[in-house]
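Each of the two complexes below includes subunit A, the first together with subunit B, the second together with subunit C.
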Partner chain A sequence: MKNIDESDIHSFVNAVSGFFLQVTEEKVEIRSAYLVEDGIKPTTFELTSYITLSGNYTGRIYFSAPRALIAHLLLMMQEPDRSEERLLDAVGEIANTISGNARKHFGEAMEVTVPVTQATKPDWLEKTVSPRSYAILVKWKQYRASVIVDIQTIE
Partner chain B sequence: MMKKEFTLLIVDDSAIIRSRIARILSDPRLGFIRMTGMAKNGMDAITQFMQQTPDIVTMDITMPEMDGVECTEKMIAFSPNCSILVISALSDKATALKTLKKGARGFLYKPFTDEELIAAFLELVHS
Partner chain C sequence: MDKRNEQSVFARYRKIILAVILFMVVDSLVIGINFYNTYKADESALSINLSGRQGTLSQRITTVLLLMQRSLDANDESSLVGNLQDSDLTVNIFNLPPSVVRNLKELDQTVTLFDTTLKGFSDGGIVTGGDGKPTLLTQVETAVSRQLVADTSEIWTKYFELLKPLLGEERNFSVAELKEAVSYAQNNNLEIQRLMNDLTTDLETVANKRASTLRIVLVIGIIVAFINFCYTVIITLRDLMSGDKKLAESRNENAEILATVHEGLFLLNKDKKLGTQFSESLPRMLHMDIVPGMDFMPILKNMVSSEVYESAVDYVELLLGERVKESLVASLNPLTNIPVSMLDKFGNTQSRYLSFFFNRALVDDKISHVLVTVQDVTDRVQLQKQVEQAKSMSKAEVETLLRLAGNDFTSLQQFIDNTSQALGQINEKLSESHDDTRALLHTLNYVLRLVHGIKGEAAALGIEALEGYAHACEQEMVAMRESGQELTSDSIVRVAVLLEGFYERYSSLANIASRLGSVLGTGALNRPDAAAAPIVHPMVEHVTHLAQRIATDHGKEVEISCHFDKLSGLPDHIVRELQSISIQLVRNALVHGIETPTERLTRNKPRTGSLSLWCEYLGSGLYEFTVRDDGRGIVPEHLRANFVKNGRLTPEKAAAMSDKEIAGLIFKPGISTADKANIDAGHGVGLDVVLEKVDTMQGGRLSVKSRPDSFTEFRIQFSAA
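Let's turn to the complex of A and B:
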């Protein structure tokens, strides 16, 4: 498994931050980054999207956020439709941006899928992610969100 | 002499991105662009493209059913004068080069600001 280093973590945070900065002119703050290990669960919120990796990598990159954050984001994007479908679409677009940045950072040997989005099921992520995945908590306005990085290299 | 009106097809699997591009078109500087359709995947895009033969296409890359690279290639084969502006979160050089080789005329990285998209459209029609 590839060891994620500080520059890798920054590439994911920068992607989220860049998305919010471009769309809302406000950055996100990093609150914490930690390893998901026994007894330490990934922090998730109501809506989650993920990108599946292939090529020289395997795993997923997740973005999870509360509905209120995404609704606020759509408001700032002047999107009049704030239905569940649009909220999920926006969460997927953020995951898409994160994966695009990841491909730039890790190289074109990292292939990415279209985002899958869903209302987060209880305990789903902690059962899905590999041990020693990274969880990065960010804050935008008064809201928190998380990026969970579960990447392994294929030898 | 520059054409008075350019027709546009928006291709993106994200509804909020399609809606955002359509909203930005209301900027007075882009009054010469008229949107003729929106497609949410490559197959849908090709069908609409054949019917409308738009002057400009905004093209996402990562889409279900047919990706933007293949879609660009098919559109240029059908209508070589069409101007395709790729708008993608895939910000690596290899992806940009791949689409440019297939005939795309411009590349804009997601996320983008309103001003960046307006500038990209203006550059596309003046080039």
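Let's turn to the complex of A and C:
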């Protein structure tokens, strides 16, 4: 995505990693990073949360993960409730952590909305995400999850 | 309101104004006629009244005369006159009884009244009215009346002569005169009364006729006035309806304009509030609900930075003030090309650029509103950026693009297609999971090969912007690959960012090329002759151009000979692969093979090096493509020393390897014999690319022949069957 450097991308991925490290003492690792293009779709999983940025940078940061990953996470958090609602809450918490890091990284002038969470609809992100957004695939334990950085600067 | 406005108001309401004037004229006429007839009716009433009175007066005169006669008869006439025997003797009025004296006084009044009234009827004049006050009696008008008055006057003239002695203060009359007068009265009183009655009847007839005429005139007047009133009402209603219709049409047209226009349009009043009407695109452009009467400044405050907002407040104040000319402050408008964020139909945030333009709306030379036009100038701003980007390209690059677009658009288009394909391949590779360092290294080498290929093609075409960026990427990735530290998975993010940079430059190039193509009418590959155009000639040109450029850069001289006749019948994709291979081998030959002129002269070689490329058909569908230079050749000992020097091989391992094995290393990724890396060599990618491409060709085989200080020859066999 235009005018975004790897430190911006790392700030979002590190937020996710930091969350897992804090909760499970196990960080996530990047496995691939590519651009969403024609024919190369963003990798998405069953649950997705996102925050919307405005200010000097505009766009969205998505975090998408499979139910199994989030359920495992809740298990490690000793959370007995693993209902759909609670799973979505957990995905939202991760987006919230990304939001906090975004504020730190880009400064307080950056406006960030509260996280929106939802069960991922088929083809939703393919239609929604801008071309040349960054898709970062991360691994935690045996699971995969993705961080999609769809932001650009306003000059 | 100025004169022109007055004229336009009169023109607009002309019919109504004329109708009202006509209405007033007709009404005035009716009123005038009515007034005239009333006056005439009064006159008639007076005449009738007085003519009736004449009969009464005549009767009264007769009565008085008879009363006097009887009174005289009843008294001793001798006591009244001096000589009773003589009936002609004058009556002594002092001897008359009081009743007779009273009768005489009444006779005076009655006769005078009758006489003046009759003269009034005859000639017109002031007479004593019924109320005893003087009043104007007009001459009778009709012939009948005039005849009646004339007849009456004729009788009255003699009658009056007979009565004269009985009148006045003197009253010197004789009994005989009285008797004569009584006798005349008795004979003519009835006639006079009849005449006066006839006169009354005639006057009444005239009056009735006039009243009848008056009624007709009044009725006509009222009808005309009514018609005129109806006409006025109809005209007014029609004008009003026409005005309403025009207003409605105008409103509909306004609504259509506001619904259709792409710009955001609205009026701003002096309180900086929005007017009641605005274009439908405005809420969409401002990404908010718009309500008439909304404050404009808070809307703006949410859209722009505080600095721009403050400037905008001052600017709008200036526009709404009367003191400053609009044209003078236009250049101060801070609200042009304002970046704003808005959501698209999928709910994604999009960056757009808006411009606000302000124009004063004047009424009677006073500012009533400010018309605000909002334009989405995103495309224009982006185009400007592209133009600026294009401007930032070197003159040589622009010339190269122009040359390619004008003469060799197929090659340029091919390069663009190849680059697009290569970038897609890189991206696809990056999307694969990288679970260990080996996978990362594999991806890095893969990306490097593709980037090197792009660099080579860009260099051959003289597109320095992409060649330079590819070189920078190459350097960075080589540094990653060769860093002492273990590659981390985070490196893949950096590669993705580099790829994005590539896409950015590629898009810009593709866009400029497309524009140039359309401007120059080359029409890219859509040209009917494009598909049939041989791509061999451009290949010769590109290879020659690249070789000369590298030779110049490295202070070398070279003579190039290309014989690609046999390529003419080959499929394009093979020719393109061979071109790509040529680029790498030519680069290799000029950097590593051919010596500088000084070195060549020292070795008793011609000053100018020789580089030959040719293709032969071997039969059975087999071809051989050869690149040969007369440079220093591949010297295993030099390679061995270089590999040890740059740490690729340990001295022991180098010593243990055969010459063939050492020479084979030049095809390994990351192995270079160059002392230091530059844009043309040193990253150990070129021959790696050649080998990979040969591997992908059907029946592809690569062989190398070389003799130290003499030549190096790369032969590539392939099948085109």
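To be clear about the criterion, the second predicted complex is superposed on the first by the 153 of 155 C-alpha atoms of A that agree within 3 Å, B and C clash if a C-alpha of one lies under 4 Å from a C-alpha of the other, contacts with A are read in each partner's own complex, and residues count from 1 in each chain.
The rule is simple: a residue touches a chain if its C-beta (ideal position, glycine included) is under 8 Å from a C-beta of that chain, and two chains touch if they have at least 3 such contacts.
Owing to the predicted nature of the structure, the values given are computational and were not obtained by experimental measurement.
Once the two complexes are overlaid through subunit A, subunit B and subunit C fit side by side, free of any clash as defined at the top of the document.
In the superposition on chain A, contact is made by A:29 with subunit C only, not with subunit B. In the superposition on chain A, A:59 makes contact with subunit C only, while subunit B stays out of contact range.
Taking subunit A as the reference chain, the count of touched residues is higher for C when subunit B and subunit C are set side by side. Contacts of A:135 after superposition on the shared chain: subunit C is touched, whereas subunit B is not.
Residue contacts after overlaying the shared chain place A:92 against subunit B, while subunit C stays out of touching range. In the superposition on chain A, A:103 makes contact with subunit B only, while subunit C stays out of contact range. In the overlay built on the shared chain, the residue A:37 is in contact with subunit C alone; subunit B does not reach it. Panel annotation: after superposition on the shared chain A, the angle at the CA centre of subunit A between subunit B and subunit C (CA centres) reads 100 degrees, nearest 10. When the shared chain is aligned, subunit B comes close enough to touch A:18, but subunit C does not.
For the pair subunit B and subunit C, the least inter-chain C-alpha distance in the overlaid model is 18 Å.
Touched by subunit B in one complex and by subunit C in the other is not one residue of subunit A. Residues of subunit A touching subunit B in their complex: 18-19, 22-23, 74, 77-79, 81, 85-86, 89-90, 92-93, 96-97, 99-101, 103-104, 107-108, 112-114. Residue ranges of subunit C in contact with subunit A, taken from their complex: 339, 341, 346-351, 424, 427-428, 430-435, 489-490, 492-497, 499-500, 503-504. Listing the residues of subunit B that touch subunit A in their complex gives 13-17, 19-20, 23, 62-64, 88-92, 94-95, 109-113. Taken together, the subunit A residues at the contact with subunit C in this complex read 1-2, 4-6, 9-10, 13, 29-35, 37, 39-40, 43, 52-54, 58-60, 127-130, 132, 134-137, 139, 144, 150, 152, 154-155.
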